Each structure stands twice: as C-alpha cells, then as structure tokens.
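Have a look at this one before I ask anything.
By letter and in written order, the chains are A, B and C; residue numbering begins at 1 in each of them.
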Amino acid sequence: MTELSRNRSDAVAALEIDRVGKLFDVAGRRVEALRDISFSVRPGEFVAIVGASGCGKSTLLRLILGLDTDYQGEIRLDGRRVEKPALDRGIVFQDHRLLPWLTAEGNVAAALRRSGLPRRERRRLVAEHLKLVGLENFAGAWPAQLSGGMSQRVAIARALVNRPRFLLLDEPLGALDALTRLRLQDELARIVRQEGTTALLVTHDVDEAVFLADRIIVLQPDPGRIARIVEVDLDGYRDRSAPAFLRLRDEILDTLGVRHAPQQAIATAA
Amino acid sequence: MSEIAVVMAARSVWRPVLMSLVAPALLIVLWQAIVATHLVAPYILPSPATVLARFQNELDGGTFWGDVAASLSRALGGFALGAPAGLAFGLLLGLSRLAGRLFGPIFLAYRQIALFAWVPLLSLWFGGGEAGKLAFIAISAFAPATVNTWRAAATIPAPYRELSRALIFGRLDHLRLIALPSALPGILTGLRSALIHAWLATVGAELFLDIAPGLGGRLNEGRDKFEVDLMIVALTALAVLGLGFSQLAAAAERRSIRWSRR
Amino acid sequence: MSRHATAFLVPALLFGLWWASASEGWLPQQLLPAPMAVWDALADTAASGDLWADLLISLQRVGEGFALGALAGLVFGGAIGLSRTLRTLLNPLFLLLAQIPPLAWIPLVILAVGIDEAMKVTVIAWASFVPVVLGVAQGIRDVPARLRELGRALTFGPWDLVSRIVFPAAVPAIFTGLREGLANAWQTLVAAELFASSEGLGYLISLGRQLFQLDLVLAMVVVLGIVGLAVNGALALVERRLLRWQTIAP
C-alpha cells in the first residue's frame, strides 16, 4: 500500500478549504472554534495562518490532517474529501513528539513503516533527510540527548521523509528559545524551498509568518474567522529589518489589533 | 577544585559510611552487654559469639544451602507462573477498554481478599502437595503484575496516541512502537513488585505450612527446638536474600530503560 | 450498555456458572460447594454470634496494631526524614531489618511474648511501621527544593518550615505509606490468625479447612473481601478529604 505521491511537482491539484466550521462541546456549552473558513492553497505555495491563541488555527490544521472528521464544510485534497490521516500530509507538532525509545533515525524511520518501500530504500531516505536537516552525525542519538532545536529538526525530517505533498506545521518553533527559533526559521525556509513541498504553517509569531510565507491568512478569534488574506510580495532572501518587511508585519499586527511603535515615517508611507 | 574542597569531599564520603555502622555496632555491644550481665537467660538470647559460631556451622555443612535453594526456587517458580499471567492480563485490561470494563471490577473485588486466605482453599483443592504451594506463590505474584501493567497500558499519553494516528500505524505497529515502549516502565515496576510479593508469600507459606526444606522451615525448627541462634541465622539469611532481591530487581529495571537517561 | 451494567456482567456470568455447576454436579461438593451452602454457612455463623465476635476481635487487633505501628512510623519516619544525622545513623539498620518479611518475625516474637494478643499486635504493628516510615521519609525527601527555598525567603523558622511547607507537601506520600501500612497490617493479621490463633476471622477460615468444610471457608473469604473493601474505602475517603487541593496530573 503505497501512499506516496512521487510527482510532487504536478501543478494541477491543491488543497481547498470550503466553508469549514467547527463546534466544540466544552463543559456543556457549545463553543464555535471556527466559522466559515474558506481558502485554497496552490501547489508549492507556503501559506501561513496567523492569529492569537485560541483562534482555532491549530484546530484547523488537525482537520486538514484528518485527525478530526467532525466539522461543517469540506476539506478537499486534489478534489477528494479528506477522510483520515495519510502519508501525503506530514505534520510537525509544537512539542517535537519524538518517541523517546527510538533514536533519531529510528524516529524518522517510523514514518516510513506504512510506506511499503523496501528496507534499503527506507534507510537511504532516512539518511538523506537527516542530512537535509543537518543532523547526519546524530542518527544514533536518543531524544533525551538532543537539544530542543535538534529534536524539532528531527521532527521536521520525520515529517518530510515520505516526500509528502503537504507539510503541516503546528507552531513548530513555539517551544524553542528566541535564538534557536530564528536559526530554525532560516533552516525551514531553505528546506522547504529545496524540497518544493507545499507548506501550511500555523503560528502566532507574525515575523515568522512574514519571513517564511508566500501568503498569510490572518484569523481573528471568537469564533475563528478569516480577518484578511495577505499576499507577501517580498522576493529572495527576506531581510527581517527591511522596511518592506516591517511594513507588512505592522499591517498584520494592526489587523490583529496589536499596538506597535510606528517605525518613524514608515507607518504613514503607502 | 581547591584543596579544602578536596579534603571536605573526601571526609564527606567516609563520614556517612562510618556513621551508618554506628547503630549496628551499638546494637551488638548492647547485645553482648545483656548477655554478659545475664539480664536474660542464655536460652532466650544467645551471645553474639554463639550466633557467629552457628553461622559458621550452618554455612559449612548441614542443610543450610539446600534450604536457601529450596526457598529461592519456590519463589522464582511461582513468580515465573504468576507474573507473566498477570502481565498478559494487565495488558488486556489496559489496552482494551471493553476488557477493562468487563473484567476490571471483578479483579478489583478479588484483590480485596487477603492473600493468605487462599492457603486453606488451595490446600483443600491441591491436597497439600508442592503444586498447591507453587499455585499460592503464583497467585501472590499475579495481582501486582496485573495492577501495574494495567495502569501503564491504560495511560499511554495522548500525544503519542495522536502521533500513531498521524503516521497511520496499524495495530501491530501501534503495539510495538507506541503502546508497549510507553508502558514499559510500569510493566517493569509490576514485575519488580511481583517478585517481592512472591518472595514474601514463599516465606510466609513455608512458615505456616512448616515446609521443609526451606528457610521458613528452618525458622520453625529453631522455634521448636528453642535454638534462638538458629533463628537469628535464618532471619539474617532472609534479610540478605530480601536485600538481594530488591537490589537485583531495581538494577534490572534501571538497565532496561536506558533511553530515558541523558 | 452503561458502565455500571458492564461491571456486573462477568460476575453475574461467573455466579451463573457456579450455580449451574452445583446443581448439575459438574464438580464434587468437596471442590466447589453450592452457593446456597455457602450462604447457609454464612448465615449460621452470623446467627450463632461467632461471626460478629470473631470479626470484632480481628478488627480490634488490626486497629491496635496499626495505630501503634503507624504512630511510631510517623515519628520515626519524620525523624529520619528531617535529620540527616539520624538518617545516616539509623536508616541502614532499619532498611536491613525491613527486608525481613513481617511474618518471619512471628516465631521469635512467640518465644519472647507467647502466642497471645501481644504477639499478634506486635507483629501487626511492625508490619504497619515499615511502609509508614518509608512513606514519611520519602514524602519529606521529595518536597521540592524550591518550596523549601520559598520558606527560607519568607524567613520561616524550622517549626514553621516543617508545619507549613514540608509536612503538607509530604501528605500525599504519607498517605500512600499509611495505605500500604494498613494493607500490610491486614494481610499480616489474616495470616497470623490463620495459623496461630484460636479466634478471629482467620481462625474461622482455618477451622473450616480442618473440618473440611469448604462452604465455611468460602463464606469467610467473602466476608474478608467485604471487610477489606470497607477498610480500604474508609481510608480512601479520609485521604480524599485531606487532599482536595491536589489536581490529577494529565
């Protein structure tokens, strides 16, 4: 049973979120986590979903992964409804969620258990992806021996080893210290560009979204709704201090209702 | 490290060792004093020297080692019967919600009955042979193994269960890569507890059913013949063996979970 | 089917099998007496007053022994938990003695104080003592350093430190020790009564065995189960009241 899609570069199909809503039962009360979310993702695109905690962005990712099938609306992958998890979607959780009783390469290999590939091919893929995230020398290390940043990199390798069509990232860098976070953002940008995977990133860090994404979906909470969708028109390597970068970031912060210090005259510039 | 620190470190290593010997040493001194001043009759409390001589006696010849071997083999035999059964049962109860609801309550009810109450029942059913004793020890190992395994198998953390679904693991993969490794610490605790319970049950059974060969039988012999020195020898042997069991079990547990150590 | 209903499914099935076995004669009466026979045996001992008398004696012994052992255990455990000097001095000896199964002390204790109540209470007290000491010492040792630090920052003296921080933080472990001590005490009581007593619940069981009256044995086993449940339940209730501040760890 091979669930891989080897032709990632096929242009046509995509991910469609069609009027998705989600209701939760919390202590007897009905809570509307998501309402009328609609957008689509083109192949090879990097889309970020930004919002404060509790606006339902993680919930949305779980629906896309297929962990939860109880929602309103439709989620379509290549035109077909998402029924359950499959290897065409790889996920990186906020807690790296490495299995402590498997080594780094054991953890990456675990994602290949259902791939139907011969053992030699699996070994090659594991080695290749550990190299991709820069951890080829730590293949035999136990998670307890790795730092937070390294563990998360292993988790990224695990999510990519199946060459999935979609890479789902649920606040992947939220548990790391600020310096590691910046470094891993660079890494992530490089890796995703190299692999050409379509990526969906959920984050509360606006800078991170502007740095990584081609398009940013801003959610507002209670209930989670799309406030606006922003196209990121920054090319090449993105300079976090460039005026265009900061302008975009401030715009989004504005939408989220967060006051910011105006960067001299930039705020008023068009 | 400065010289003062080195000296202090050395002293802090030896001090506890020496201090821990104070109490036993005092005890022996007190003991000798009681004997020397004839505070109690010598047949009630023999002198330390007598006990030491008896020790020598037993270890050299006699049936002492045979008794130790008999007790150990009974304990381990019963453990080998009861612990795996408890483990399997615990896994069933923990991994299958249905099994837990069906069989859990009656197991909990069964646990309320004091262990030794089964001895008369078993001796009536097995007619007092070795099989009955082994069955009793197996029963004593069964419950601790079950309880710990059950709890461990039933509380696999949600993040891992989610990961299993995200990686679309089949039942076998889930068992091998997620459920069993996650439950392993609890399972080992259960096995350790089962071992200790088996040992306690063995000693108790030997004591009350006057089984020989065995350390319990020796203890009884000492009481029957009023040979307190023999009793002290037997008790010391029990203490040493008990210590050995706990340390062995703890060490085995530590070795098996090497992935949790940094 | 509701949760409560499924709990009774298997017991009901087993009981049905038991009843069928007795009425169809699958197993001889010596091996498995009929449910009614067991019930009759239970009713007889209850009516004759033996059940209550023996039950009372058993409970008394456990009560006395456990109270003695637990109290001593709290004091001794507190002492070695709080004072490193005392711990280094006394702990090794205590641990060595604790390795010896409580029941193994019986022959020696019989020689010392005879075969009567004193023997049973002593052995039961020791059986309770060990787990309580371990629980108290562990509880005190496991009080997080940061809580002790807080106490020092609030300029607590030793009495305040112990009574307001160390002891309350150690209560869960102390209760675990008490629970184990009670379980130990109960097990020891039953064993002692089975083999070295002329009254008590254990004695009744032993009597049944000697007279080859399996129905009496089974009836008393059932009573044991119920009493065990009640005793454990009572302790659990007390524990729950005292530990209301504790939240279940995820």
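Here is the rule we go by: contacts are C-beta pairs under 8 Å (C-beta built on N, C-alpha and C of every residue); 3 or more make two chains touch, one makes a residue touch a chain.
Not measured: the values here are computed from a predicted model.
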Query raised in the report: What graph shape do the protein chains here make by touch: line, ring, star, complete or other?
Result: line
Query - Farthest chain (mean CA position) relative to chain C - result: A
Query raised in the report: Given the contact rule stated at the top, which pair of chains has the most C-beta pairs in contact?
Result: B-C
Report summary line: The distance between the C-alpha centres of chain A and chain B, rounded to whole Å, is 51
Report summary line: chain B to chain C, mean C-alpha position gap in Å, rounds to 18
Requested in this report: Return the distance between the CA-based centres of chain A and chain C, expressed in whole Å.
Outcome: 54
Query raised in the report: Out of chain C, which residues touch more than one other chain, so two or more?
Result: none
Requested in this report: Please list all residues of chain B that touch 2 or more other chains.
Outcome: none
Query - Complex contacts: residues of chain B adjacent to chain A - result: 159-160, 162-163, 165-170, 173, 177-178, 181-182, 184, 259-262
Query - chain B contact footprint on chain C (complex, rising order) - result: 3, 6-11, 14, 30-31, 85, 88-93, 96-97, 99-101, 103-108, 110-112, 186-187, 189-191, 194-195, 202, 205-206, 208-209, 212, 214, 217-218, 220-221, 224-226, 228-229, 232
Requested in this report: Sort out for me which residues of chain B touch chain C in the complex.
Outcome: 15-16, 19-24, 27, 44, 101-106, 109-110, 112-121, 123-125, 199-200, 203-204, 207-208, 216, 219-220, 222-223, 226, 228, 231, 234-235, 238-243, 246
Requested in this report: Can you check the complex and tell me which residues of chain A touch chain B?
Outcome: 3, 65, 67, 84-87, 91, 93, 95, 97, 99-102, 110-111, 113-114, 142-145
